[in-house]
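Structures follow.
Each of the two complexes below includes chain A, the first together with chain B, the second together with chain C.
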Partner chain A sequence: MTAPAVLRRSEAVVFLVIVAAMLAIGAINPAFWQLGNLFSLLRSNVITGIMALGVLTVMISGGIDVSFPAFAMTAMYLTLRWMLAGGHGGVAVPFAMATAIGIALGALNAFFVHSVRMIPLIVTLGTAALARGFLLGVVGTSNINIDRMPPQLIGFAGTELLATTGPGGAHIGLTAMLPIYLGLALAVHLLLRHTMLGRAVFALGGDREAARRAGFDLARTTYFVYGLAGGLAGFAGLLHVSMIWLANPHDLAGMELDVIAAVVLGGASIFGGRGSVVGTMLGVFMLVMVNNSLIIMHISTTWQRVVVGVIIIAATALTALRDRRRAG
Partner chain B sequence: MPPFLELRHVGKSFAGVRALDNVSLAIDAGALHCLAGENGSGKSTLIKIISGVTQPDQGEILFGGQPQRALSPARAIARGVQVIFQDFALFGNLTVAENLALSSELRDGRRLVNWRRVRAVAAEAVARLGVELDLDADVERLPTSGRQLVAIARALMSDARLLIMDEPTTALTRREVETLFRIVRDIRARGIAVLFVSHKMREMLEISERITVLRNGRVAAAGATADFDEAAITRAMTGQEIAATPYRWQGQAGVPRLDVRGLAVPGRFAPIDLAVQPGEIVGIAGLLGSGRTDVALSLFGMHPSYQGRIAIDGAERRIASVPEAIACGIAYVPEDRLTEGLFATQSIARNLLAGSLGRFTRAGLLDLVRAGAAARAMVQSLQIATPTAERPVMELSGGNQQRVVLGRWLLTEARLLVLNGPTVGVDVGSKSGIHRTLRALAMERGLAILMISDDGPELVQNCNRILVMHRGRMVDELAGEAMTEAALAERLRGLS
Partner chain C sequence: MSGTFDLRRLLRRDSSVLQLLLLTAAIFAAMSALNPEKFLRAYNFQSLTFLAPELGLLAVAMMLAMLTGGIDLSVIGIANLSGILAGLFFHAVGAPRGPALMHLPLLPVAAGIAIALAAGALAGALNGLLIARLRITPILATIGTGQVYVGLALVLTGGPAIVGFPALWDAIGNATLFGIALPLLLFLLVGAGVATALSRTALGVELFLIGTSAKAAAFAGIRLGRAIFLSYVATGVLASLAGILLSARTNAAKSDYGTSYLLQAVLIAVLGGTNPAGGQATVIGVAIALAALMLLSSGFQLMRFSNFLVDFIWGAFLLIVIAINALRNRAR
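Moving on to the complex of A and B:
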């Protein structure tokens, strides 16, 4: 291979694919390039993106997490119920609470993965079922509609960075949740790349035994990665319902596939030890854009699942090939 | 001056089994000491005691003449003891620089990573070793020898006084071993003692100043290397003489078992002619990358686009896949038996039968009684040391595992056995057992054997002919009186 080093990085490949896809979609339907569509595309990145940051960290450590959508809904729903029952308001406290519930649930994953030495996929499948079942059985199944949603949350999530009026007088705004996503992404990037805790995550995913011998605290690292994934999920769960003004305990089911697909697409290895925040953000953008564009190209939403499936298999095949070449 | 490290009358039992019994050992500062012994002789336990991982039941450990109580891994490291394990304990997904710097960053209790410092620390460690390493390469992209250098450089970073190397030459070519020895002598010249744990006698004699041989947890022999020769070490390790009589093929040249004309794989090796008679053991020597493995792989159907003709027992065959090779009676035993050959958690019997289940069917159904009997018979005839064929194969020692791989091929009624590094990583006693088995199979059953090996003495002792390959060509053949270890070493040295 004679490609320059920068082009061999999976981030660069995904970036070029995104550019090509944007040109193609724009050629089929020029409406793609309208400001309103681009802003809505960025807005759709926020929730998937925040959750993907947690999943990325888990995957680098050599684990996997399929429980975060269930955790997100549990943290969100418990927080909302608490707000409604006690008449609590505010923004910071509810988000802190949802995050804390997510962290606690993530710690449960870490306990089974680290202390009981169970396989992460099985653990998180189990805790996901547990969380969803608990939510439906104990807290109830009723939706919380816009009329009962705390207005401060709606107001917060509706904040816009800039707003304009499009053709036909439609309101076009760029959500202020985007910088929150970007800020979290920067924080996770710095954490993974520039702290010993972050390098411990890579070490654990690279070779567990070597990490133990080198003196890394594996328990702390495992609790950190699953706690981070849970906390980000809880935060994103509450943000999600604040943005769509509707809390439905069945929401986000199946989202784990999209997020894992995005993370793998961004170059993270299923086997652990590899992955980057930039790659993950590009992977999320790619996936969200494809889903979003199928809608504006009037392709049935059922086909979106097919596309997600194809993307997962293609991205995993590519990383598997890459890993095989490394090994050989 | 008291020795850097001294063990006095150390004993250790595990669950009533005596792993070490009254072992005494002294290592002077800057000495090159060899610890020899077969698998299960107590070498690993001794390393664990020196590195503080395991505490002895009896005896004393002294550093610089001072008794050391309750040695922990952290205290052993503080005393300057560094162990390089066989798996190196490196992070393949991280760069060379980070692998080198991580431990010291961790030890210094840093929370943030300063990449410039990481690089500087790593560059200094590599420079101190006097080798060239690409600091930005991912470790998993390095060859074994490169990974070993990273492990050595890392061990030396922490002010090491004693470097323990566990089987350091196992996966290295002869040339890489020479580089390693040069580095080890450099390290020694800086006053750092090296404890070489090995079962390769030639290397022990070449590198060390003192040798301690363990057998069944006791010191079987100890002294200056100058007082030892191969026979003495073997005697100490095994407790018996192992005769080194060369293999002589007595048969008459008839229809060859394997007759190869103009066999070539473009880009891998040039056309070769080769004939092997039933009962012959033919060696292939050559440096790594000489094409010798590709010859074996093409005979086993793994280079389907080969050119030339292959005839088995006089009948020309086209071997374009592994099943076709097996159908021709060709068996291939790869070097890395653990990852390429065996199902580690499955029973010995199942492993033995894995290639030949088709032979034990009746109307499409498996005849488990007949298959089981065949497996048990094979366990007996190969003298695989196990109470029953139902034990998982991973419980066996390396030598016995290798016999299971051999046994599997024998059950397929192989007529030509191609071996690649048949005794890599196998201790002396098992090694001679495998050699005995191979020679008996060739002599008594008329099996034809092609043996590829880096181990010159192994080839000279067990082959009746040795072919030398270099850069994809057959460049030489040794047979009869001309086939000596010295002659073979001479030929190999001449290649570059």
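Moving on to the complex of A and C:
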């Protein structure tokens, strides 16, 4: 049982890389350390981070999910259209509804992965096309702009923990969505590490047959992991549009790659059985920081994809080497 | 492991080809019944023979990657990058526009083709290196390289499309030979080549063995790394060929062209009898699946379904097909 020690080490590596990168970015442009920039960096972690928690759980169970951005947009857009059509307000009910739609869509993934026994990548590619196609082909393609966005949602997502005034008189605030992300992360961490369900997720990803013989309910576990990923995506989708005041059903396309990259960067193994919430949060922070800091470093944003791609390759190469060392 | 075009032998050996043919016939009949005037027009089928080959090449590329239990999610990036590199080359040696570009002679156009194919081979080699040598899972390796290829395409173009290719280049995607679309002839030629290579060469047989059981293949003395590396190089070259057809047909190249092709290539490969876990694939199956799905989507487009709805139908079709396959395997 050397796994925990190694895990701690790979998280420590990511942490050290982050510190080094922060020092480097700060050296290139000291504006990086301004409070406003740091707050906006933390704010950018929220949506990617919440979605990454679901993807992490799927990956620990030995699966992969590329459908969650499509699910997030479907849940968000259906919820908003329902609110606008019926004049419904509130905050808790819409978020519960978006989460529920996400869970239902996640259950569809679980059905194909568990009952049909199809490779998760191909299943989720299919359900992603299904959800996006339904959303854009049946529900609608038009944006919901700020003038029509429900004011309670904007008010809720605009809540701030603390606020101050910057040097130029600009308003600087730390979003209160951060504790929501941290709370969800803590919940997923406790669930994975301290409940039988969490143990089943690790067992399923470690060795499916062994998990079955040990008496774990594989169907329930599979539905749980894909349902969790879908539910978190639905929640994050509505939160995302509430934070940017614009609901575009085309939004978040391609985000699955960033999130998977962040989870792998955080030390999770695509073969399952390994991964941690802390590692994933560090991976998300690393990726978001690089994406946000390209402009600060005077690098053209067209390079963003190349940089993300190189990070994915480097991180996966390192984990592959680590896995091989352990196997050999 | 069928590569020859002897139909009787093929049908006897693989009943799934027969089922695919029946499915294609059923789709054809249903679409003809739904759009009696428009669907059966010669023009409709003619335009499909120009449109389908680029997707068919991507599906064959995907099939090759799946043959060893892998997948290549970077094929679209490779295709676009290849077209863009050739386009930039033409703009550099000819002119950004005008007759100097239009009437570029054969030699520079051939050089452009070589550049595009070399880019595909190089990109495929990088994939192969990461997968075969560093043993990165194909999904993650090609997600990463796909980002890099799309990213490089973005950096090279700055975002907007490269518009304007030489007339000779455009002919690859738009001309006819003996009354048959050149892209279709190209696809048939390449498909037959891949099928022959898979059934008649040592490398082809090795790939099937690796896909069936990598461990047994290793014990049989097959150099896994080399075979897998070469299969990804071939996948890259096929993807760049698709990129040549795409840019030739549309007279433009862009970093985000054909993004919906990725799902469609996977779907066609799986529907064509390719086992994503490896060891099972036929070019003829992929070709029939391509025909079936092109008929399906053209039929729906004629009924004025939006492209988004067609995407929905592709997704639904993929899920239904894998569910039926699973039920059939269970019954066996």
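We take it that the second predicted complex is superposed on the first by the 320 of 328 C-alpha atoms of A that agree within 3 Å, B and C clash if a C-alpha of one lies under 4 Å from a C-alpha of the other, contacts with A are read in each partner's own complex, and residues count from 1 in each chain.
Throughout what follows, contacts are C-beta pairs under 8 Å (C-beta built on N, C-alpha and C of every residue); 3 or more make two chains touch, one makes a residue touch a chain.
Note that this is a predicted model, so its numbers are computed, not measured.
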{"item": "A:132 touches, of chain B and chain C: first, second, both or neither?", "value": "second"}
{"item": "Partner chain in contact with A:309 - chain B first, chain C second, else both or neither", "value": "second"}
{"item": "First (chain B), second (chain C), both or neither touched by A:23", "value": "neither"}
{"item": "Partner chain(s) touched by A:35 [first = chain B, second = chain C, both, neither]", "value": "neither"}
{"item": "Broader residue contact with chain A after superposition on the shared chain, chain B or chain C", "value": "C"}
{"item": "Contacts of A:195 with chain B and chain C, given as first, second, both or neither", "value": "first"}
{"item": "Chain B versus chain C as contact partner of A:161, first or second or both or neither", "value": "neither"}
{"item": "Chain B residues within the chain A interface of the complex", "value": "87, 89-94, 98, 102-103, 105-107, 110-113, 115, 138, 140-141"}
{"item": "Parts of chain A lying in touch with chain C, wherever the complex brings them together", "value": "64, 112, 116-119, 121-123, 125-138, 141, 257, 260-261, 264, 270-271, 300, 302-310, 312-313, 316-317, 320-321, 324"}
{"item": "Touching residues on chain A, where the partner in the complex is chain B", "value": "193-199, 202-203, 205-207, 209-211, 213-216, 269, 272-274, 326-327"}
{"item": "Residues of chain C that touch chain A when the two form their complex", "value": "71, 130, 134-137, 139-141, 143-152, 154-155, 158-159, 262-263, 266-267, 270, 276-277, 305-316, 318-319, 322-323, 326"}
